[in-house]
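Note that the chains are named A, B and C in the order they appear, and that numbering of residues resets to 1 at the start of each chain.
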Amino acid sequence: MAALQRFFRHSVLSYKALFGWLEPKVYLFVMVLNPLSQLLFFAVLVNYVYGGEGLAGYIAANALLLCVMNSVFGMMSVITSDRGMGTLQLVMSTPSNKASLFISRSLAHVVNGAFTAVLGLAFGILLFGLSIPFDAFLSLFVIWLVSIFSACGLGLIIATFCLWSPSMHLWSNLLASLLLLLSGANYPLSVMPAWLEQLAVFIPLTRGVRLTKDIVNNGDYSQMTTLLSQELLLGCVFFIISLLLIVYAEYLARVKGTMDLE
Amino acid sequence: MSETVITVSNVKRVYKTEVGMFKKTKKEVEALKGISFSIHKGEIFGLLGPNGAGKTTMIKLLTTMLIPDSGTISILGMDPVTQHMKVRPHINFILGGERNLYWRLSAYDNLAYFADLYKVPRQEQKNRILELLELVGLADVAHQRVETFSKGMKQRLQIARGLINRPYILFLDEPSIGLDPVSARKLRDILLKLNEQGTTILLTTHYMYEADELCDRIAFIDKGELITVDTPENMKRQTAGVSIIECKLTDVSASMIEELSRLPHVRHVKHEQDEIMTTVRLQTEMPQAVIPEIYKLVDEMSISDLAIMQPTLEDVYVQLVGGDAQ
Amino acid sequence: MMRALLHTVKVQMGLSIARPMFKFIIIVNPLFLATLAFFIYGSSSPERLFHYVVLGSGFMALWSSIVYSSASDVQRERFYGTLELLFVAPVSFAAILIGKIIGNMVWGLISMGIAFLYLALLFRIEVPAMQPLLFFGSLVFVLIAISVFSFFLSLAFTLSRQTNALMNFIEYPIYLVCGFLFPISILPDWVKPISYLLPPTWAIELLRKATEANATFSGVAMPLTALLALVLIYIVFGYFCYRAVENKARINGKLGVY
C-alpha cells in the first residue's frame, strides 16, 4: 500500500518537476488551445475533402491523436528534462526501483494525454454536432487509454535515444510526425503504399485509430478484443525495450564510464 | 575514532574515449593511478587537488556511480561494485553548483520527492523534512519554488536533500563553489553540526582555508596519484622552520617572478594577481636573508606591503603539488 | 550597408541550418506535410491536387520554416543573451532583421521546392501548363509579402513575454484561417474577415489564381491588389513595432531581461 502511494505521489511530483507547463496561461496555450486548433484544422479539412462522409470517426480519431503532445513531448521530458537539470544522476543512484520509477513517471502523461483527447472529442462533438452512442464512450475510453499507454512506451524509447544523441527536438518531432502520418487518422489506411501500411502495424495508435473509427462510424466492435490486446502487447514491448535501454545507459555510465548521465 | 568506514585500496580507473566518427582513435585517460586510503567513522575527510586530479572520479567511485578498473573499495563493509543497491540507502552525495534540484518544485516537494526515492516511510517524512529545512535555515521558505532561491539557499537545500536518508556517510563535491563568504560560512557550520551528530563526511574542495577549518584529515591528490594523507596540523608541521614572505607588488613581470624563485634560500614561489596588484608568497627558511635580496630585485616603489608569516595549508599544498605550475 | 545585409543573410542561413531542429523543418517536414496532403486528397482531379496538395503543402512548409526561424529567432537571441548585442551593433537592428528574414526566406523557398519535387517525382502529380512569367512573378511577390509579414511578427514577438507560448500557437491556426489546404469559402462567415486581414491568405490565393488553366493578369488582379495593400499596412505596423522595441530596449532597458 505504501509502495502504491509512493508510486502515485512520484507520478504527480515528477510531472510538476519535469514538464513544467502547469502555469495556467501556458497550459491553456500549449495543452488546450494548440491541440484544439490542430483538431479543428483536420476536422475542417477532412469534412471538405470527403464531403462529410465518416466525419464523426475522423474527428474522434484526430482527438485521440492529440495525445501525441504528451506521449511524445511529455515523455521526452521524463528523461531529457531530468538530465538537463542535473538530477538524473541523483535519481539513478537512489536505491529506488528504476522500472517502477519510470513507469510512474509515464503514468501522469498517459492520464494527461487521455484528458486532452477527451477534451478534443467533446470539443468536436459540440462544434460539429456529432452524435456518438452513449455506450460507445466506455469502450472508446478503454481503447484510448491502452493506445496512449502504447504511444507513451514508444515515446520513452525515443527519450532514451537522447541519452546518446544531442538532437532531442529532431527525434521528438520525427516521432510526432510519424504518428500523425502512419496512424491513418485522416484517411483510410488503404491509400497508403503497402510498405507504409506494413510499417504502421508496428506503430502505436494505428489500432486505436482503426477501432475508434469502426466504433464511432459503424458501431462495429468485432475487432476490439484482437486489436486492443495487440495494442496493449505493443505498449508492453515498448516499455520493456525502453527500460532495457535505461539499464544499458546506466551500465555504460557505471562500468564503462563512457556516458555521463549529468 | 578507530572504526574504519571506507577502505580504498589500489584503485585504478581509466577513461576510454573514442575520438572521430570514422577513423576512430582511442584515447585513454588515467584518472586514478592506484590510490589507497581509509576513512574512519565520524571523520571529516578532505580530498584536495588541482583540476583534473581525479577528485570527482573518486567521489563517483565511492558513491556507486562508477566502477573501478582494478583495486577494491569497501564502504561500511560492503562492496559498492556488487552490492550497490545495499550501499545506496546508507550514503548520499551533494554536488556543488546551482543545478541538481527541481527548480519548479518547492523546497519541501524536492525533499519529499527524494524521500520517496530513498523509501523513507511516509510517517517519518514530514518530521524529517521540517527538521532538515530547519537545520539548513530554509523553514520559512519551505513552500516557495526553488527557482526563486539564491545560490546559497539552493546549495543549502542540496545539503538537506543529501541528508534525507540520514546517511552514515555524506559525500560532497566542491560544495562551496561560487558561494559568497557568508553563505560559505553557513555551509561550514552546517557540516560541522552534522559531524557532531555522527555523520562521516568526505568532501572535495579548492579552498584551503575551508579544508583547514573543517577537515580532520586531508588527502592531496594530483594527476591521479595520492601525494599525502595527514591531519592539517601534521601537514603544516612539515613546513616547520619555514616562513612565508608575502609581498604585494603593484608592478611585476613574469621574468621577475622567475628571478625571485631563483634567489638563494627560496624554496617555492606562488603568485596571485588581482586587478590592482600581485601577491607573491615566497617559502624560505631564512626570511631575514631573503628580504634584502627582494629589495635589490624589485623597485622599492612597487612594493606596497611586505610581511613575514607562518605557513598555511595552502603553502603545504604548493610545496607538495608544485608552485606556480597550475 | 549592402555588404552588411548580405553578410547577415549568409550568417543567418548557416546558423539556422546548423540547428538539427531546423534541418528537420526544412528537409523532413515538407515531405511529411506533402505526404499527409496527398493521402488526404489522393483521388482528386489534377488541378485540385496541384492547388491544394502541391501549393498547399509547399506553403505550409514555407510557413513552418518562418515560424521556426524568423519568428523564433528573437526568442533564441534573447535566450543566449545576444539580443541586446545585436541591438547596439552599429548597423541598424532593422537591417539585421531584414538580413535574417531574407536568409530564412531562402530556406523556406528551398523547403517549398523539396515538397514540390517530392510530390512530382514520387507521386507523379501533374504540373499544369502555366505562364512562367505570371507564376514566377507572383511567387517573387508572395515571398516579399511573407517576408514583410514575418518581419512584423518577429518584432511583435520581441515585445511579448509569452513568445514561446505564442509560437506554439501560431502554426495550425494559420493553416486553418488562411486556407492552406482548402478554400477559405468553406470557413464560417465570422472567420473570413480574419482570413482577409492575413497576408498568407492572399498569397496562396494569388498562387492558385496564377496557376489556373486560363490564368490572365486580370484574374490575379484581385489577390494581387489585396496583398499589396496588406503589405503596405504591415509595413506601417512593423515600423511602429520597431519603434516600440527600440524604446523598450533603450529607454526601459528591458529587452533582454525577461
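Note that in this section a residue touches a chain if its C-beta (ideal position, glycine included) is under 8 Å from a C-beta of that chain, and two chains touch if they have at least 3 such contacts.
The UniProt protein names, listed by chain, are A, C = Transport permease protein.
Being a predicted model, the structure only gives us computed values, none of them experimental.
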Once you draw an edge for every pair of touching chains, what topology comes out, line, ring, star, complete or other?
line
Greatest Cα-centroid separation from chain A (Transport permease protein): which chain?
B
Which chain has its C-alpha centre closest to the mean of all protein C-alpha atoms shown?
A
Per the C-alpha centroid definition, the whole-Å distance linking chain A (Transport permease protein) and chain B comes out as 45
Taking each chain's centre as the mean position of its Cα atoms, how many Å separate chain B from chain C (Transport permease protein)?
54
Centroid spacing, where centroids are CA-atom means, of chain A (Transport permease protein) and chain C (Transport permease protein) in whole angstrom
30
Give me the residues of chain C (Transport permease protein) that touch two or more other chains.
none
Chain C (Transport permease protein) residues touching chain A (Transport permease protein) in their complex are 20-21, 23-24, 28-29, 32, 35-36, 39-42, 44, 162, 164-166, 168-169, 172-173, 175-176, 181-183, 186-187
Hey, which residues of chain B end up touching chain A (Transport permease protein) in the complex?
13, 15-17, 63-67, 85, 88-89, 93, 95, 97, 99-105, 109, 112-114, 116-119, 121-122, 161
Hey, which residues of chain A (Transport permease protein) end up touching chain B in the complex?
2, 5-6, 9-10, 13-14, 16-18, 20, 85-87, 89-96, 101, 253-258
Spell out the part of chain A (Transport permease protein) that touches chain C (Transport permease protein) in their complex, as residue ranges.
25-26, 29-30, 33-34, 37-38, 40-41, 44-49, 166-167, 169-170, 173-174, 177, 180-181, 186-187, 191-192
